[in-house]
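Scroll down for the structure; my scribbles are underneath it.
Order as written gives the chain letters A, B and C; numbering starts at 1 within each chain.
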Amino acid sequence: MRDNTFTIDQIARALGARVEGDGGLRIASAAEPAMAGADQLALAMDAKYADGLAEGQAQAAILWDGADWQALGLKAAIFVPRPRYAMSGLTSLMDPGPFIKEGISGTSDIHPSAEIGEQTRIGPMVVIGPNVKIGKNARIASHVSIAEGSTIGDNALILQGARIGARVQIGDDFIAQPGAVIGSDGFSFVTPEKSAVENVRESLGDQGDAAQQSWTRIHSLGSVTIGNNVEIGANSAIDRGTIRDTSIGDGTKLDNLVHIGHNVQIGQDCLICGQVGIAGSSRIGNRVVMAGQCGVNDNIFVGDDVVAGGATKIFTNAPAGRVLLGYPAVKMDTHIEIQKALRRLPRFMKSLQRDK
Amino acid sequence: MRDNTFTIDQIARALGARVEGDGGLRIASAAEPAMAGADQLALAMDAKYADGLAEGQAQAAILWDGADWQALGLKAAIFVPRPRYAMSGLTSLMDPGPFIKEGISGTSDIHPSAEIGEQTRIGPMVVIGPNVKIGKNARIASHVSIAEGSTIGDNALILQGARIGARVQIGDDFIAQPGAVIGSDGFSFVTPEKSAVENVRESLGDQGDAAQQSWTRIHSLGSVTIGNNVEIGANSAIDRGTIRDTSIGDGTKLDNLVHIGHNVQIGQDCLICGQVGIAGSSRIGNRVVMAGQCGVNDNIFVGDDVVAGGATKIFTNAPAGRVLLGYPAVKMDTHIEIQKALRRLPRFMKSLQRDK
Amino acid sequence: MRDNTFTIDQIARALGARVEGDGGLRIASAAEPAMAGADQLALAMDAKYADGLAEGQAQAAILWDGADWQALGLKAAIFVPRPRYAMSGLTSLMDPGPFIKEGISGTSDIHPSAEIGEQTRIGPMVVIGPNVKIGKNARIASHVSIAEGSTIGDNALILQGARIGARVQIGDDFIAQPGAVIGSDGFSFVTPEKSAVENVRESLGDQGDAAQQSWTRIHSLGSVTIGNNVEIGANSAIDRGTIRDTSIGDGTKLDNLVHIGHNVQIGQDCLICGQVGIAGSSRIGNRVVMAGQCGVNDNIFVGDDVVAGGATKIFTNAPAGRVLLGYPAVKMDTHIEIQKALRRLPRFMKSLQRDK
């Protein structure tokens, strides 16, 4: 078992940060100031935590700029230039990672044609299909399935019960949370004759005289291509493309319960938060941020650096750099202006009717 | 095999209800009045079901107050003071529960350090990690995984493919529906320098001059703590906390496809319906009810006894007892007033322009 | 291994389409015109693809009506009357389907009382309970569970980790995408005395003086009944009914992450897109189309042929044939009119105040 304690100097080195006091002090884990025990590092990056430090037992802390660590009763302090960023280094250092035994579990079912890289760990009851290629240092937890012909780069972390579909291509440093599905079939159906939905779309509201008919499936011949450094959240689902692949660019992160339709293309370094849905064939630029429960219509384009607030529903193309909010999405300041007007509207209408 | 029939007296005793007629009559199951067979108990708690009783074959029924069971052609009747509440006793009595064989399936993989309570049943292909503790009388269905260091109280029912993450703490009488994920990693990313999103939040709409940069992961060192008597719905996902645990209080129930972000704290006896999403670090009081598809912004507070209607999007703190509706959420009566005004708005604007 | 190439004549026959040029030309797969290799069939059903054809290497294409295939430099062309419909035949022909070995995997756990039809393939680590009946030609991928007493018709395709609950009844030609849950317990809870939610519903906003009380579970004695030719998307969840079954009619298709509450009845030939939620006991007619993220209130009725645009929230009964949009849902043209008025509202209110 590895030693799970760290010296203050070790932590500071990992963060590129400055130490004052006893750099040799050992700590076991991190805690909020008021709840910290004597062997824990208090995270007190803001002066508002001074009282918390007094309540807790911490002997060492990460402190806000200019804090007087001795007056706070500490034996050691770490000072970081950008506290929020320091959290990434600190938590990465202290994360023990999931328990997955070295080697390949005897209860897993790995097709003989699969190529598995060095140092890759495969947990119990994993199923890996023909012609799969997995890079080195991967960690694959229990109950995962990786279907025929898919390729995964180095250092992947694939958690319990995630599903990688056939012919999916994934880069290095991939993370899949439990239950993520990558490569479900696209939702694409067609009627022998024109359907009511096609009429509604053309006319903006009129069903026309579409016949009563059943849906025939358009199969997904494409797959999913994912870049390097991508993370997919728990129970999210990414559909295969119809002819070409659905694609997600380098550095993009998807939260839990996100739905990505067939043929969607997402650029690099996007943040797609919980329960966002992106309908078929839409294209999302680079560095786009969508807060929870946003929706994107099918066949539209969302430009680079768009930021969409919670539950924004984007029905039409959004130019690069736009900050959006609302259903339907409008510029955030327009949305705020409309909402202010709406709050006053009932009284306003009454007063005007009185005036008449 | 257990006898799956019940006498009218047995049922009435379980419900604390009054019987008239033949209490020894045996029934096999419950049914809606019009569809009930001769061996079924008709559920006719309202006078509107009288016609249904005539259509069906039931010889016994739960009836509305004051019903004349003999005139309805029944041999026995049960009268209950609060029909909806009686449904809980009745369905609990008649639910055969899932089929899980006694003992521990030979196809499961249980770490030798795990402690499993008496009478606990573990189905096929379950994986249980090191140092897990599970109480007595638990029923764990196939394909479940329970990761290292987690603790689960007595009488748990954990259904197919549910995922319990590392170091999760759960009380007694826990229910997880199929595919529920408890303890996925939090969605928390940071850029080396200030990001466009941070600028937008500070300025309410201006991206500022944020550099193009990639996201670095903040790992989740916390886990999830769940009280007694909690139920989590199918394919829901609950993220671990960053430093402290995400927490869910006693008696709280989550429906399907619910997303709970990292660090969220939910109080006791809440009802969180299907597809609700609660973003990171928000706190929800006791007895809060959120209808389907509600959303809660990150880092806000929703007070005790708040009731939010379908698809309400809560962006700011909500005081205790408030009844909310809308996007963005407003008091329900304000919402109704605004919607009435909106329906009249187009005509109203036209008429004013004509007047000018 | 089967030959994965097709002659142009073969393809045209499958589509009921007309060939010009060399019908014996063999192609390996389909591609977008600009990306097509020499052995690929270019999909160029619209004149806008002419430039793409010139860029790519295709020697054969499906072309738009009236196209001059020789002038486009092709050796063969297929002409189809309704291009979108042709995609269903083409992709069905070319889909290799998932890799599942013939027979029943030795790592699966099939109860001896289960009846499995001829030619049915069962992949690794599948669990099938007592008294299950599965028709012929089914393909069941890894990690699937099918619980006691359920019945599935012929030709089912059940993908990785899908969960079929106890006593679920499913027709022929069923498809379940990975992680789909059919037969989770309904979300139905009741308090011993009247709850705040019941008061709010009766009064439209007033919580009344409801006591602080905990929720008691109403168990689901019903199951789920599904017709022929139904598809359920990845990580969707369909709850069992309380007394009778939740039901889904012939030909209806559900996309990913859809939530169907207990007792819901959905008609035939509906399309329910990603992340739609339908609350308990609502009834949906035939040929209803709901775009992504729609929500349907509990206990309401949505008539035949209703079409609801993206994220429409339906709170009240919707008559047959209605085209809906908005939160709350209104007729699509009303919604568009209101949105236009809203955009002008802030300036309009200012101008009127100046006039006063």
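The working rule: a contact is a pair of C-beta atoms (placed from the backbone, for glycine too) under 8 Å apart; a residue touches a chain by one contact, two chains touch by 3 or more.
None of these values were measured; they are calculated from a predicted model.
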Chains touching both chain A and chain C: B
Classification of the chain B:chain C interface as same or different, half of numbers criterion: different
Intercentroid distance (Cα basis), chain C paired with chain B, Å: 24
Multi-partner residues of chain A (each touching 2 or more other chains): 125, 143, 161, 179, 235, 257, 275, 293, 327, 342, 345, 352
Chain B contact footprint on chain C (complex, rising order): 109, 125, 127, 129-130, 143, 145, 147-148, 161, 163, 165-166, 179, 181, 184-185, 187-193, 196-197, 200, 204-207, 212-221, 235-237, 239, 242-244, 257, 259, 261, 275, 277, 279, 293, 295, 297, 313, 315, 327-328, 330, 334, 337-338, 340-342, 344-345, 348, 352
Complex contacts: residues of chain B adjacent to chain C: 29-32, 35, 43, 82, 84-85, 87-88, 91-92, 94-95, 98-99, 105, 107, 123-125, 141-143, 159-161, 175, 177-179, 229, 231, 233-235, 251, 253, 255-257, 268-269, 271, 273-275, 286-287, 289, 291-293, 305, 307, 310-311, 321, 323, 326-327, 331-333, 336, 339, 342-343, 345-346, 349, 352
